[in-house]
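Chain naming follows the written order as A, B and C, and within any one chain the residues start at number 1.
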């Protein structure tokens, strides 16, 4: 038997038979691949048909097939039987949800803060934008100082606005930004301390990190609001917002320390050895060689910690600070707009705001992760 | 050794009810096509493998050689044509697929040993749960094959503790423990260091000498010369040329084959 | 010259440049700073407390509390001590944590597997769930469930009635209260023993199967018998349902019994999957008709009946197409285990004459009498924690399964292992190693997050102790220290477990 065979005419590529491409093939493959898949698909469709119309009807305003009251509607519309979400209430109370009790005449001040923040943050998050270092210094050091004086007033003839009057989304953003800005350096120091070969420093750092990671944030906030005044010298008063900030910072620095430690541990040993073989001192080798690399790799982790922190800021409402959630909660007992859907509309709004921020950040974190990954392979 | 022979008897019973029409044909691929989405990856493959044949498939990367042998035990499904293994045609029927896979062993480029099981457990897993072989017997068979691949002393270690060459030899032994009639090798030496390639090839050569039906996708042309009955050259998803190794290497016919050989044989 | 050489041999460095000495100096400085800081704090605190005329110490734990708690697992009233209040809070925390963990695990695993489903729609629904839930603060979700959903329920007189005499209204969910008599103890003991026995029998059967290649003969016969009995049971149910749907069938005396017997008979023949398909058809039909009727009140009954029949037909088709294992392989003795777990306690129930009555809640003038009232705070907290944590568990499960490379499944498949065995022997053991450590920390997170119950008035540890007790006694430092110590203990225990587990399952590498 001889096997000799030489192909004379090459077989040209053919389009796939109908069953491997096109929408029908896709449906067969992804929805009806097996009988059990088909059953699952049917059940899922039944579920969606059941769930989506009522949700849509509740959220969408009357104009587009829903029952909700669009911004500009009146409270009477919202009190109609079977009325959907009362968006009119949200738009009427919007400034309260954004600024809290901040005097309306001074809204331009938080507005500048928002605009400035966006202006500085956008190039900072864009990997290709130039002047990263200057930008970072501006955002992390100069910006908070400007914000404080702008919002607090009392300088350049600006009317002082005590922190009790701050509120809404503004406070939510302030707490999470201050929390992250203060906890990054603290977290880095703690992570370095935990990796240190000096036993006392290492023990102290481990104790600090493990203590804060072990307890719920709410106990930390209680502690900050009840015990901080006790710890201070007699006669000192600590601002309520500041107490919450201290609590949040301590808490999130412990989590951040663990994130950074992950980055430090992921660096190949060779980097440490190379750094010390160059004769660099500990701080120089950390500052110039190790940390820049480690921090770059933990950017996604830091963003994720920030998402967690951002969600956690809602807890400050428990110690009486008027963040976004607390303003929504407070407004929901507002008689002027009382209607059956008032509370639920408020939560939907707050949930949506939180969701937009967190979802955007998590997408960013995934994007950075991909970018760093490809950087690695190259 | 008596355990091994009884395992063989088991197998004889197992296969007696198989509906083998043409006992000499191990694998028959007829007019087979396969697409990944819209990409026509295998085109009009016709291949008849007789029992005891040793076939080497060569070709540039992306030519569809791995896909072809993965179709033979239905790790990939084909869309047109027929694949008949040991007289069983491969269709979507799970029973037939199981039947074929029990008779066809496969060795992967990246070994794919089960990292959570010891070497011995890796080897006895399938005999115990697929064939219902008693544990003691399965272990005896496993030790027999570990001795054949010359690493009986590693039996109680975990895959992570072995070198690449050792892992690949374990992977071969794992397939042999199922006492397959056909062995498929998917670039078994591509992930190995040169000195480890040798130890794996030695095992493969000794298998060939015992008359195992083998299909190997490999770049080891020395191996092809030494043991293959037939070398198949694939490019662009089709079989371009096949011949006995002597002819294939000394007198390639097709332009593409010549080009390929000139590139890899320097 | 010589003198110079000897002098320079030990290279002299300034003592502050010696890394060891430098390290020691650093540490002493840090330690001093920490000590000074704490001393400063303690001094301030002492002065502050003295100025407020407050004392310190834990003696307050043995004073009567003077407040009531709305939901307690142990008896508690105004005359109880503070340490009892602490205990109530701790137990309530643990209660909600355990319930939440059970439900979140189930939901999380389902969602995690669904996210990897080859069914696009199912995967997409799971993804939407995860992306929505984990990006909204838990506290907001709790507020939503508590204030917008449960508190918006109708007043007591307009309670919604759910199946099984369950009512839902502003004051929570009222369920029938089980009233076991003393003989029920035997039944419960029997149930526990039956579960243990079933596990032991299955394990023994598996070890015999491994050692000899066959399941032990008694287990095979037992399984056959169990299978018959269970098929009979299902057949009976299907028959009863059919008589409900076609009243004409009730003309046949004992139709359900006949149906059960016939189906049990079929299960002995090679056509068993047709019998199973029939049962599947009838049960799915009944369940779907019931579900669809409840879900789409406005749809004409004809359409619903048609949809239910179609779904039932799909199920029957699946069961007919499904491959029965070759008889020689033997079957996993699941039926036997199920039978033991059902039959043994059932037998004891019948023999001892035990009775299990339910006290049905009855609507009276102002409130329900009888039944168990699950307070809305508890329900909202369980809901919120379950739904929130499940999203995170789903992600852990997904990445755990994805961590098992495709090559592992392929290798297992190429060895001839069937789908079920591939999962059981190769994929799940490897995935679980990846899943369990983050799963444990999700459990810990859930327990810590249960402290948010304080915000909706569920009397858990933080609420009862850091809230009420702290307010009444003013013992800030003691109360906060105790509360933190509780969470610290939980956390350290968990991480000890994780270290132990990781060390145990770590894959051995070179």
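Just so we're on the same page, a contact is a pair of C-beta atoms (placed from the backbone, for glycine too) under 8 Å apart; a residue touches a chain by one contact, two chains touch by 3 or more.
Treat the numbers as computed from the prediction; the structure is a model and nothing was measured.
Engineer: Nearest chain to the global Cα centroid?
Structural biologist: Chain nearest the centroid of all protein C-alpha atoms: C.
Engineer: Please tell me whether B-C or A-C has the greater number of C-beta pairs in contact.
Structural biologist: Taking the two pairs in turn, the one with more contacts turns out to be A-C.
Engineer: Which chain is most remote from chain A in terms of Cα centres?
Structural biologist: Looking at centroid distances, B is the chain farthest away.
Engineer: Distance from the CA centroid of chain A to that of chain B, rounded to the nearest Å?
Structural biologist: 51
Engineer: Between chain B and chain C, tell me the centre distance in angstrom, where each centre is the average of that chain's C-alpha atoms.
Structural biologist: Spacing between the chain centres: roughly 45 Å.
Engineer: Between chain A and chain C, what is the separation of their C-alpha centroids in Å?
Structural biologist: 28
Engineer: What residues of chain C sit close enough to touch chain A in their complex?
Structural biologist: Residues 23, 26-27, 30-31, 34, 41, 44-45, 47-49, 51, 117-122, 125, 131-132, 134-141, 143-144, 147-149, 152, 292, 295-296, 307, 310-311, 314-315, 317-318, 321, 448-449, 451-452, 454-455, 462, 466, 470, 476-477, 480, 483-484, 487-488, 490-492.
Engineer: Which bits of chain C are touching chain B when the two form their complex?
Structural biologist: My answer: residues 209-214, 323, 326, 328-330, 405, 407-408, 410-419, 421, 425-426, 429-430, 433, 505, 507-510.
Engineer: Can you list the residues on chain A that touch chain B in the complex?
Structural biologist: Contacts found on chain A: 1, 3-7, 10-11, 13-17, 19-21.
Engineer: Any idea which chain B residues touch chain A in the complex?
Structural biologist: Within the complex, chain B contacts chain A at residues 33, 35, 37-40, 43-44, 50, 79-80, 229-230, 236-244, 247, 253-254.
Engineer: Along chain B, where are the residues that touch chain C in the complex?
Structural biologist: Going by the criterion above, the answer is residues 73, 75, 94-95, 98, 101-102, 104-106, 108, 110, 112-116, 125-126, 128-137, 157-158, 160-162, 171, 174-175, 178, 184.
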